[in-house]
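Take a look at the structure set out below.
Every chain is named by a letter (A, B, C and D) in the order it is written, and numbering of its residues begins at 1.
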């Protein structure tokens, strides 16, 4: 085990760096840029039962130290992911991946998790109950502790793989949802998803995003993410993946000092496609600067 | 009425620019820097029944495109405000001011509002039910619609001045709290207060703020503030003061396009003490660029 | 394949009131076809700014961009010698193979630049190139002479008739005879060209992008062959696959 | 009274591994006493960076700062000719009136700079000035010669004994005779000086600030005469009013 290795729900990661869902596709396209086996793991594009085109465009807007997106879970559907995407990934990634799953009903979550849970490439299931960009679903599961618990139970019933529930920051008390997921059998949690936000086009005086609202990510949300990871890791005993605006090795350390077992890197991949290998390369020197021998010691 | 004039709960403002509570003291110190009568109005430091020193230091931390504060309602108490601060303000400010009020019980909110409501300098009462930096009070009133309504009713019962309830963004559904305040008789709403956040000192591995968490403000929160102002102005019919990261004339227009009747400028005052007069001076030219004749037209 | 590279500003000067020409020195090897674009990092801006490639030589890249907001305005203030972080070789450019011997190039406003590099390559391929460059007014015209100097038969249209043919690019298309067409410009113009065109052709589209290299699904569009990413499978699409969003 | 002003960098050079001297050209008229500070805007940083004034002439400002984080590191990379947006004349500086004829100045590390301007003014006032400058090691020493050249009797202390008196500033205070004292340095040193001092004196404090001019209440501290703002009523407090937070 190296200085950077961490444990996520019983599986060892060479390092805690995990590209976040929706910023890394199904991995193989980034493999053209660098050997993605340097990563701890990665979380694939949010996958649903049926193929989805997602929301109308524009789906992207600029923000101070961040960006808004309202992609709306565009994906080819779980069957195409299994038949087309995962085989392509197998050619360039040897490690277990995190399968990110979304749904519009408890049954859909369970159906998708059951299918993906059977795939040997899948190490963990990350269940997104916090997408702010789809209506009649997504986030609503993540804002009500009982709904969150129900999704957790349904998913746990159909897979033996570790189940990580991805939580929404758009709530009054994230620890209530976190505890509900833990009590329902979740093996881990990941947070935060994006903060629901908006921009208006001064020329048209209309919302800039076709979906009106979108999710804010990037460095702007880092202090909010850090607070919520701190609150949650003090409220539950299962491992937490910290995410939200992480863009350098120092951010990784700060997030792990807040209690995160590993981290996901999201928006930063979009402005610097090489940010993850850069962070992995920089971590040892930055750890030395702050007298950190092994990342595990920060837990 | 000039191009910039707006109406806030029946009172005309020369312009919509209002320094936010906690960034402008009780006004008279900024009067040494410029004639504060150029402002639409300003909201004074949050005032409580008893004097408060506030939280331990450090109370301030840097963030990407923003800052964290955990001042914790430091103020001399309502009696000293009336006997010492307001007379000093009277010498340099001719317009009605917004009295910002905080409390730890419904009775305290009512008591402070009753005293300040009697002061002729006070044009509006801004009732802060959303301070994230004080325990056993502050924000808890702003996260529960029933509590928010109870505070509103109690305050309305003791004053004839317009009552503006200041809402917390740290909630699942800000429109529920907004509607509860409107139904309880609030004359207006102001939002957003700061987003609860945190930073950790990499050297000590401990929270950077003595209070552990603090409130995030500055441009980083602007897209979240804009979304909530949009949601609230579509859910209620009383006027809304928009705030959260506004730092230039363009931001003012964007916030008013989201439905705000006026705006408060907070963190920007701390990095540029002259930002409010600058924005007021720039507004006409920026309005011309976007074909806006009068700010009232944006409502 | 995409490369991340540092370029140095050789020239950054206005061609009209809002169009600027930016010449950059650096490694352009990642750029393989006209119609591709680069994505530029600007200090203080989170998202990069995508700009189509006008022309490139081994070590020099020419971009022509319009100042539309604070980002491009900031870019327009940058000086010779300053450095820029670019993602280069982005997107799927124009395919020259189906051009035939008399291709028609149709550009509108900020859509003109990528057609210049395309004209250059079509001419060296031995084609007889005709170009229609559409603008609103005479003041907005740029690169007309450059197209002519390349050897392209060049027609100008202006909406107000202050120069060239009065009207839209489609008014100039009417009487022309061509084997194939390539176009780039604002979407209303593209739709008009789509309706007016007598042959097959290729369209270059513009959309708000997150990453510019296919990761974020921010710029997806529907086509007859399914969803495509303007930044990855695009920005150039063939006439036959286009589905216009109403 | 506070002024917002643009200054131009005349010099920005390291004095030790982590201490830099920044000389700025501009209008220093807002600065009225040694011990006051300026608040510097840095590109990409939201909060300004407060730095105490070391010395000033009519048109030149000398600041000596320590690189402690990304902000001050960014400042240390700035070059001659670049401009900085400063809030100047901030805070309540040292009061020279009670100095008596033999004041003692006690500085520790990054707390040394403001005492230099103070020494200069006390000497021109006709005082016999003694200065104790404390550092951890010989490598960290700066401005010892400058204090001597001014005409101050200067003692150096180092914790490791690699130069001057081995130990802390308080070890050098013991045998000295003085009418009053002025000190600036890390809080543990200030507390030790508070205990060791035989006379009255003034302390300059450092605290994380939001605005630097009294608006945000970010840097409040308790004193026997009630709450004070380090950035406004401070940074200099008199010995008699200090209440140490445990």
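Here is the rule we go by: contacts are C-beta pairs under 8 Å (C-beta built on N, C-alpha and C of every residue); 3 or more make two chains touch, one makes a residue touch a chain.
Fair warning: this is a prediction, and the values are worked out from it, not measured in the lab.
Undergrad: From the C-alpha centres, identify the chain that is farthest from chain C.
TA: Ranked by distance of C-alpha centres from chain C, the top chain is D.
Undergrad: If you count the C-beta pairs in contact for each pair of chains, which pair comes out on top?
TA: A-B
Undergrad: Distance from the CA centroid of chain B to that of chain C, rounded to the nearest Å?
TA: The answer is 47 Å.
Undergrad: Between chain B and chain D, what's the gap in Å when you average each chain's C-alpha atoms?
TA: Roughly 36 Å separates the two chain centres.
Undergrad: Among the residues of chain A, pick out those that touch two or more other chains and give their numbers.
TA: Only 61, 63-66, 218-219 qualify.
Undergrad: Among the residues of chain D, which are close enough to touch at least two other chains?
TA: none
Undergrad: Indicate which of the five shapes (line, ring, star, complete, other) describes how the chains touch one another.
TA: Chain contacts: single closed ring, each chain with exactly two partners.
Undergrad: Quick one: which chain pairs are touching?
TA: So the chains that touch one another pair up as A-B, A-C, B-D, C-D.
Undergrad: Which chain C residues qualify as touching chain A in the complex?
TA: 1-2, 4, 41, 45-48, 71, 87, 207-211, 213-222, 227, 245
Undergrad: Show which residues of chain B lie in contact with chain A when the two form their complex.
TA: 61, 63-66, 68, 143, 170-172, 195-200, 202-203, 205, 207, 212-213, 216, 218-224, 226-227, 230, 245, 250, 253-254, 257-258, 290, 298
Undergrad: Considering only the defined contacts, which chain D positions touch chain C in the complex?
TA: So the residues of chain D in touch with chain C come to 43-44.
Undergrad: Sort out for me which residues of chain A touch chain C in the complex.
TA: 22-25, 29-30, 32-33, 45, 53-54, 56-67, 69, 71, 74, 218-219, 267, 269-274
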